[in-house]
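Look for chain A in each of the two complexes below; its partner is chain B in the first and chain C in the second.
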Partner chain A sequence: MTGLLFVLPMLVLFVIFRFVPTLGAAGMSLTDYKVSGEWSFVGVDNYARLLDDPLFLASLRTTLLYVAVYVPLTMLVSLGTALMLNAAIYAKGLFRGMLFLPYVTSFVLAGVIWRWIYEFDGLLNGLLAKVDLGPVGFLEQSSLVLPALAVVSVWKGFGYSMLILLAGLKSIPGSYLEAARVDGANAWQRFRRITLPLLRPALFFVLIIETIGAFQTFDTIYVMTGGGPARASYTLIYGLYEQGFKFFDFGYAATLGMVLFAVVLVVSLIQRRLLDRGTS
Partner chain B sequence: MRKVAAAGLAAALGVVLAGCGSGSDSGSGKSTVTMWMYPVISDQAKSQAFWAKVEKGFETANPAVDLKIDLQPWEGRQEKVTTALAAKKGFDLVVLGPDQIPQYAQQGSLVALDDLVAPAKSAYLPAALNALTVDGKLYGVPIYQTITAPIYNKKAFADAGVTEVPGTWAALKEAAPKLAAKKVAVLDYPGAPEVSLNQSFYPLLWSNGGSVFAQDGKSVAFNGPEGVAALQLLLDLKAAGGIPENAATKSNEIEGGPLASGKTAMYHAATALQAVQLGAAIGAENVGIGLPLEGSKRVAFGIPGGLVLAKHSPQQAEARKFAEYLSSPEVAADLAKESGFFPARTDATVPGQSPEATEFAKSLEFAFPGDTHPKARQVMSLIAPHIQAALLGKEDAKKALDAAAQEANTLLASG
Partner chain C sequence: MTITASRPTATEKRKTAAPAPRRTFGKWPLTLLLGLVSLLTVSPFLVMLVVALSPAGSPTVPAQWPSELTFDNLVRTLSASGFLGWTMNSLIYALVSVVIILITASMAGYAFAKKRFPGRDALLWAFLATMMVPFQATLIPTFVLVSDLGGIDTYWGLIVPTLASSQAVFLMRQFIKDLPDELFDAARVDGASEWLVYWRIVVPLTKPILATLGVFVFLWHWNDFLWPLVAAQGDAMRTLTVGLTTLRGEEVPLAVLMASATISVLPCLLVFALLQRYLVNSIAMTGLK
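Right after this comes the complex of A and B.
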């Protein structure tokens, strides 16, 4: 009972600002909703339209591709930095603070700065020119734009996952590693056989959070490419934005939102399954 | 030190409290009119000073009205206005372009303002009034008129041995290889999705006699032979090194862009402000300002700023009074002077017009507000990715525009 009281404020906020709007969007996806507030019920018309919409199918593919690039990359970077911080002896707090810094900067600002970095006359191409390479159109080539965007999102977001993994690493008793060392296990074996299995809960939490986040990436794309070039970074959520706030087709935008919701739900459930199997 | 800080804090709180007090004017019988204004005057300090002056001037003449001028950024304008109109709050008056007005007028969110301009109708530029009229009703009072024209880096042309800056498509094509030999792209074409096609592809389409929509507005026409030729012009230029390598994704910002650094030589749809910015970068004496590029005719994108009145506004009479004030010849001339735009009425004389403005004013007679269609902006965002694809060599001109037309026609058919 007391426990319920403690979670009550959060529960109320969640219901008001998450649950009710989600239900609202689900309802809206069954309507033709005009910006003036007039609407008419159209049943599953919007869902039927999805199947004939080449843009939707392309955006779904782009989204999955982006997730496939982003998630492994961010897992590697946040795990790598967490391990390094865990092993650091001097100025741990300073490095932790520095690595976490991008997480608290604004997405829009990060996008603008990275655009300068990626530009033809930008920092990265300047460095490449020093070794007689390039210029590379990071945001100009369809094949490079998703990885380029993923790098920005990783840079911007890995700090949070890093902290969670760091906390996970801290909770691994030093005696286990000590015992393994005494038994003659080398660094790789200690990492593979002791650290990694014990870090699993934290890793899976990060994996799920990052996957959901990847499906919802919008700011970077909006600021850096506007879905381009030639729709190479036109993700589901960018399409949703365009339908809703450029075309004012709120019903269809809500439908896209529902699809995104379903995709994220399914992916999360699969991941949870794997997590349960992994810990039991 | 601490005492000073405390005193400062108290003073700040005092200001905040006083601010709260003046906000509740409804109690004292004053009615509040809110207008959303945009950085029409791009210099922030000048903009604030000008609008503060307007506010004071109007309130002095109309003591019963508390006027609030809310200075908004251009970014996210469409989204914010849409949301405000849907929520029926935010502003009484807002400045909109002709391509934005039809959709809101169709939704019934705006009030017709014909009677407001009626007394001085003949003084307004006919093109400005036409552009703000939907189904025979005027929904926006024109308070300024913009115009775009080509700007040139004269030195870049001279250095490449081109003595006369290109004013036609043919001359543009001819100049491209000569400048390319000097590693300069002749045309600074901005293909980034955030750049309005009104300042990139459409002027080429129009100057070739094409139009975005068919006459009845029920389908699109940009994929006709005129449009294909316009896109082909860009592709031909690209093949000749006549547009920047990253044209598909570059913006049209002058400051820090290739035009300012001498890597490109002209921009065909620049604003007067951009001419000034270019002058700051390469020296004003090197900047040339021409008439709109001639294909089969000359067309310059130029729009009136239309002050529209929201139907939900509870202060209709007061808001109209302010619209009258803002569109009066005196205030309109002041606004034109500060903004570098042009008055939308011929009886307003702008004091001390800059040399750049005088040159741009010559293009006013070719002003075209773009294809005003309720779905103009939506169609734009469908065309832009395909032009990118063509510029990236993924689609040829015909295929790119046909694909965009197919998407656009589906959009138009959906009602």
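Right after this comes the complex of A and C.
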């Protein structure tokens, strides 16, 4: 029984701050909970409201679009840098450290620096002006804002995925690649037929982490665009924040939270299934 | 936050294969390219630093290189009372969380790994299941709960809801599970109490993983934003990340903003040195070079 005593402090924290809020989210989504604490049971009204809410439907589209831009970009950058680090001979530790550096900083810091980089009188437009280009409104144009935000998140986050993939690459026995080389396989064939299949578990893991992370992007949007311009970067989470802490419509905001939960759950289950099939 | 050691790579199974002779074709182009990409990656930090060290209001990058460098902006930032307060709040938020999570997670991890008690497996499963629930999905009920308990704009209201970390418990459990049972049995035969076993055997033997976990928890809290944004609304309770977002507009010169950003990132850079070392260690533990 002493085992239970050792678990007890963490268990109390979990019950109060994980289990209760999780059940609370489901419960609140069935009410019209107001910031005053008053509420009444409204059944599935909040869920019905989702389907008629153009703001929500647009935010869902924006979120999916963001995920579709961010995930391939970050996979490419992490895989590319991991491959280069794996093949590098000189100053590997230094380069790995430099590439990993943004990961240890905050999304808020990334947002503050990159907001200036993207500004009309910021770094990027200053450099473009030197070659007689621009100015480009990276955060002012609806068509550019999501890629611009995705670049910031990739910059801030790719170091982690890069390290996971690098560890995966290092676990591939050099003898496999050597044997293929002796058999006359060229670099692309070795990558395509040996490296990539053996790297699959690591790639899937990174894919899951990055996809779920992309759905939860909030900090950079809050700092850099406030959901704009013209709601072009107004994502699901940003909508949740606004419904909760601008309009104080807690019941509806909790419902948006349940949507996020459902999305994350579905993504994990799909990718888990693909992973199981890939390894069995 | 995700913890590196929980990743499912194929590394565990790796035998110490002799390194294959590597073709050295194009080693200089590769080094050059990697160097460029690395430099590009750190360049936002470098321009941040240059702007922070430029005299406020005078031209700087990208228009022209600053004619002189000065520490004025850094001094001005540090002497602004709000900024120091935010820094203290971030330190309290991060350090208190590290201490409590390390203690509670290692205790729970030990019990889950080495002790038998009714409902153990169900409880572990329930802990792990909460990993699937994103924090944002429970943001509103957590806020209402803390608010009802009178915790908004208090340190405990800021800190305590962030302490239930299934990743931390799981990481500790995985690590402690691999320690030989004989160690614990021997201590018990010698009459050591359970608490003594935890304190004298579990804690010393898990020091490397505690350090790694501590670094991650510190960074996670120091860089955290959404919860501090809603839980600490008064200026006196703001953390550094939340405070940084209030510095904008005409009243804050760019140089001062970048100086604030520079100071806010210093603890991360300090921790980065440690993290690098522990990363190499954890990679070594899984048989990698």
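Going forward, the second predicted complex is superposed on the first by the 260 of 280 C-alpha atoms of A that agree within 3 Å, B and C clash if a C-alpha of one lies under 4 Å from a C-alpha of the other, contacts with A are read in each partner's own complex, and residues count from 1 in each chain.
Everything below uses one rule, namely that a residue touches a chain if its C-beta (ideal position, glycine included) is under 8 Å from a C-beta of that chain, and two chains touch if they have at least 3 such contacts.
As the structure is a computational prediction, the values presented were derived from the model and not from experiment.
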Which of chain B and chain C A:A253 touches, first, second, both or neither: second
Touched partner set for A:W39, first chain B, second chain C, both or neither: neither
Which of chain B and chain C A:A87 touches, first, second, both or neither: second
Contacts of A:F191 with chain B and chain C, given as first, second, both or neither: neither
Partner chain(s) touched by A:P229 [first = chain B, second = chain C, both, neither]: first
Which superposed partner A:F245 touches (first chain B, second chain C, both, neither): both
More chain A residues in contact [chain B versus chain C]: C
Contacts of A:L139 with chain B and chain C, given as first, second, both or neither: first
Contact residues of chain A, present in both the chain B and the chain C interface: 37, 245
For the chain A and chain C complex, residues of the former touching the latter: 1-7, 9-11, 13-14, 16-22, 24-25, 27-28, 33, 37, 81, 84-85, 87-91, 94-95, 97-102, 104-114, 116-117, 122-123, 126-127, 130, 155, 160, 163-164, 167-168, 170-171, 173-175, 177-178, 181, 198, 201-202, 205, 209, 212, 215-216, 218-219, 222-223, 237, 240-241, 244-245, 250, 253-254, 257-258, 260-261, 264-265, 268
Touching residues (chain side chain A, partner chain B) in the complex: 34-37, 55, 119-121, 135, 137, 139-142, 225-231, 234, 242, 245-249
Touching residues (chain side chain C, partner chain A) in the complex: 2, 4, 7-11, 13-14, 17-24, 27, 30-31, 33-35, 37-39, 41-42, 44-45, 47-48, 51, 61-63, 103-105, 107-108, 110-112, 115-118, 120, 123, 126-127, 130, 132-134, 136-145, 148, 160-161, 163-164, 166, 169, 194, 198, 219, 222-226, 229-230, 241-242, 244-245, 254, 257-258, 261, 264-265, 268-269, 271-272, 275-276, 279, 283, 286-289
Chain B to chain A touching residues, read off their complex: 78-79, 82, 85-86, 103, 107-109, 192-194, 244-246, 248-249, 261, 375, 377-378, 381, 384-386, 388-389, 392, 394, 407, 411, 414
